[in-house]
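Before any comments, here is the structure.
By written order: A, B, C and D. Residues from 1 in each chain.
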Amino acid sequence: MILKKLPYFFRKALSNIRYSMLVNLVTISTISVAILIFSTFVMIIFNLTNLVSRFEDDVHIVAYLDDEFVGGNENIKKNLLKLNGIEKVWYQSKENALKVFKESLGENDLFLKDIQKNPLPASFELRLKEGYKDRKNIEAIAAALRSMGIFSDVSYGQEWLEHFHNFMNILKVIGLAVGGGFLFAAVFIISNTIKLTIFVRREEIDILRLVGATNSFIKAPFYIEGLIQGFVGSVISIIGLYFLYLVFMAKVQTLSLLGVNSTSMPFLPPKFLILLVAFGTLLGLMGSYISLGEIFKRS
Amino acid sequence: MILKKLPYFFRKALSNIRYSMLVNLVTISTISVAILIFSTFVMIIFNLTNLVSRFEDDVHIVAYLDDEFVGGNENIKKNLLKLNGIEKVWYQSKENALKVFKESLGENDLFLKDIQKNPLPASFELRLKEGYKDRKNIEAIAAALRSMGIFSDVSYGQEWLEHFHNFMNILKVIGLAVGGGFLFAAVFIISNTIKLTIFVRREEIDILRLVGATNSFIKAPFYIEGLIQGFVGSVISIIGLYFLYLVFMAKVQTLSLLGVNSTSMPFLPPKFLILLVAFGTLLGLMGSYISLGEIFKRS
Amino acid sequence: MIQLYHVYKSYQKGANVIEDVSLNIDRGEFVFLVGASGAGKTTLLKLLFCAEPITSGQAMVNNHSLAKINPKDIPYLRRSIGVVFQDFKLLNNRTIFDNVAITLEILGMNRNDIRRKVTKALKRVGLAFMEGKYPLELSGGEQQRVAIARAVVNSPSILLADEPTGNLDPELSVDIMNILTDINAMGTTVLVATHDKFLLQKFMKRTIIINKGKVSEPI
Amino acid sequence: MIQLYHVYKSYQKGANVIEDVSLNIDRGEFVFLVGASGAGKTTLLKLLFCAEPITSGQAMVNNHSLAKINPKDIPYLRRSIGVVFQDFKLLNNRTIFDNVAITLEILGMNRNDIRRKVTKALKRVGLAFMEGKYPLELSGGEQQRVAIARAVVNSPSILLADEPTGNLDPELSVDIMNILTDINAMGTTVLVATHDKFLLQKFMKRTIIINKGKVSEPI
């Protein structure tokens, strides 16, 4: 019944938009700005997550071989690779370790002049598979390594991981709070604005009721109008976001900050854009829905 | 003339608010949310600035005395204190430096076992006065120290300062961009909303004109209404902000993140709150002003 | 068609605007409702199409009990009633054509039928050439005629006309009344609230007098 | 007081709603303006208080030239003209009292004088007891009388009444016309657009006929 009338309601909604152009422009632009704020936030979070996942790429474990242990390192390597979550293993001999250390000191090797015995241990560096780079898995692997009894020490940047974990926690709290706040603000502002636009047309609604229109007949074009407003608003906000992004990247490049570029800070991928538009459209629809509900209950 | 009528316009504005309660509630709540977003941002920036200034407190310069230099360090200290921007100077002898270094190594002093000659230099640590902790002043002081010719090296965390500087730059760009964005969004949303509320009353405006009201007579109550809306809206948003602040602090304390507490993250000081309310009030007024201008030009 | 039985209506407690009205209007009747300003004519009509709830009493309109009607049925009751509102109630942001078409769109009629019927109704009230204009571009009398066209376009089973000639000159008033009698002749029950003594005299019909909310009929 | 000289008015190009109207109304006159629906009565009145600009011609109202008036002077011209609008134009969110008081508030009158004058004007139209109500709580005729009260409350030098009795019963119409003749007797120039032949006959006054935008006077 309602579905059959959809084309009619769509036409009506479009002509309503035409009729009250000013109000619609105001509404759509408000929706754009509200969603722009929210989507800017989404983009920032998205890039932060990207950045963080690149930090995570760096995560690795170093297991220092006990000086007293004697045995084929190829054998150990094979055993290590059998562990869960290990992608690659490199071996570094005692001699190599010293060489690297000396190189890293450069000319400041004040202390090494007088050394007689190589104090550095041989070690295995373990790269982890995707999905095993979180704290829990790392600690499990480290424990497994220790239990092998052939390593004097297992190191995986415990302290750094701790800090990182803390940082991620703060980020999560702030992200959720701020994101939730923005979301709430967007929903609130959009539904408020739509409430006003519907209020502007309360007379129209009253008249339609008096001449025998059912509630759903009156509401349907408003729903569609809200839907269109939400859709157009969020598409505009994405265009705006892209524009802001370009401006920001240009600005950042002239300041040449931290080597930020379009690979290290990409625009939102299409999936996100589609989600944002869907979200905006839904908001427009919900805004109409809630406001109409209130206005119909009132009278 | 207009001023003499102010009490009348005020009464009129108040009764207008009473007459169109729904519209005013919508407007005021939208203003609150818009300003809440902006003021949350102001608070974050405020606290970040606070935090950063505590980082700055740590800034100091270490000047390493040339091993070949022989002379009274008390004398040097006096001379150093005469330099611009120096607050305090500590002297650290060669022996002391080695002791501290040994302590910092703990049991891992593999390399030190065989050392015959102390390779560490004596040094002066310089604390800077408030206002001299920025990059420019630090470099100037460092240059002055170098030109004294008695130091083998002057170190002030060049690399750290560089990073800090970069970080501050990014923060500035993002802060300005985001802050500007929020500001724009708040102004835009508020003036849009007020535009709608005035549009709701366009008939009233038309009628008033037809019965001989001057433009300023019609506009004045709207200005005052906008002013009141902006004032009430921003006061509400500050109450909301305080509430959010309390919730956030509680949340942060249960998670015991980074030792954040109400001293390290205070609420906005009264000066800022007054500015925010003044800003919101002004926005309300401006919103009315702009919207009325547009609506009057239209007809 | 329309039956009222001890109907009362008050907007505020205590003050009865309609007081103990009992009334019977048969299918196909043509009735004038006359009374001074503020007597309760508009209120009485509003009760009939559920624009206001009755305060007490019993009323049947087109087989719906006004006292017990389900809110969901109100739109369907209203569709069977054409109303010419005293203040027209046109949609200012829709064209004249669209204003008249509303009644038919609500019924889900197809576009061709709508066009045909609306054009005919507008022609009948002498405004065919104005279909593209907007209400505020029309004179008072023209707006009133649009309101009439909207009310009659669907040949409703009941037509309630509240002061339908208040803004019309005597000649046009007679034209409009002729339309109403025509539609009445085709079966519609018509109830016209009016002040116009001239029309009352010219069209001798059943007349109900309302005075301070109480009705009476001259014999 | 009012002088029109070859005045034209068209809303769209080509279609003259007022065509070559020349007219002279002296201070203190009482004039009826009659014509069919859509003849241009409302438009002519609108020109006089600058609600619409004249398209061409010369016009003087109360010593203001309508063709050359400075937009800033329009409010002051309007204050000297009381207007009863065909569609009342009441402010729905203000009480009846406030609606009538507007004219006086605009003039910056003090509150006591306003109270006195408004009460008097409302009493005159028989609505003193309704001052606290809102327009939408009034009957059509009551609203019309509020509009009349607002127009006369300040004893303007010109009174333009557009169909002021369209929603009133004959007895009230005569009452209202008496108010208008009273105010006229006190010096106000009165111009009444009406369809009501009964009033024309009862109050024998100068009558201007307007037909498709052209005016003429029966001799």
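General observations
Heads up, the rule we're going with is that a residue touches a chain if its C-beta (ideal position, glycine included) is under 8 Å from a C-beta of that chain, and two chains touch if they have at least 3 such contacts.
Not measured: the values here are computed from a predicted model.
The chains that touch chain C as well as chain D do not exist here; no chain meets both. With centres computed as the average of Cα coordinates, no chain lies farther from chain A than D. Here the spacing of chain A and chain D, counted between their Cα centres, is 66 Å.
With each centre defined as the average position of its C-alpha atoms, the distance from chain A to chain C rounds to 61 Å. Shared contact sites, meaning residues of chain B that touch two or more other chains, are absent.
Touching two or more other chains at once is no residue of chain D. With chains as nodes and touching pairs as edges, the resulting graph is a single ring in which every chain has exactly two contacts. Contacting chain pairs (ordered by label): A-B, A-C, B-D, C-D. Across the interface of their complex, chain A is touched by residues 49, 51, 75-79, 81, 83, 85, 89-91, 93-94, 102-103, 105-106, 108, 150 of chain C. Against chain B, the residues of chain A that register as touching in their complex are 22-23, 26-27, 29-30, 33-34, 36-37, 40, 110-112, 114-116, 119, 166, 169-170, 173, 177-178, 181-182, 184-185, 188-189, 192-193, 195-197, 199-200, 244, 248, 251-252, 255, 257-258.
Interface residues of chain D, counted against chain C in their complex, comprise 11, 34-38, 41-43, 86-87, 137-142, 144-145, 162-163, 166-173, 195, 197-198.
If you check the complex, the residues on chain A that touch chain C are 5, 8, 16, 19-20, 204, 206-215, 217.
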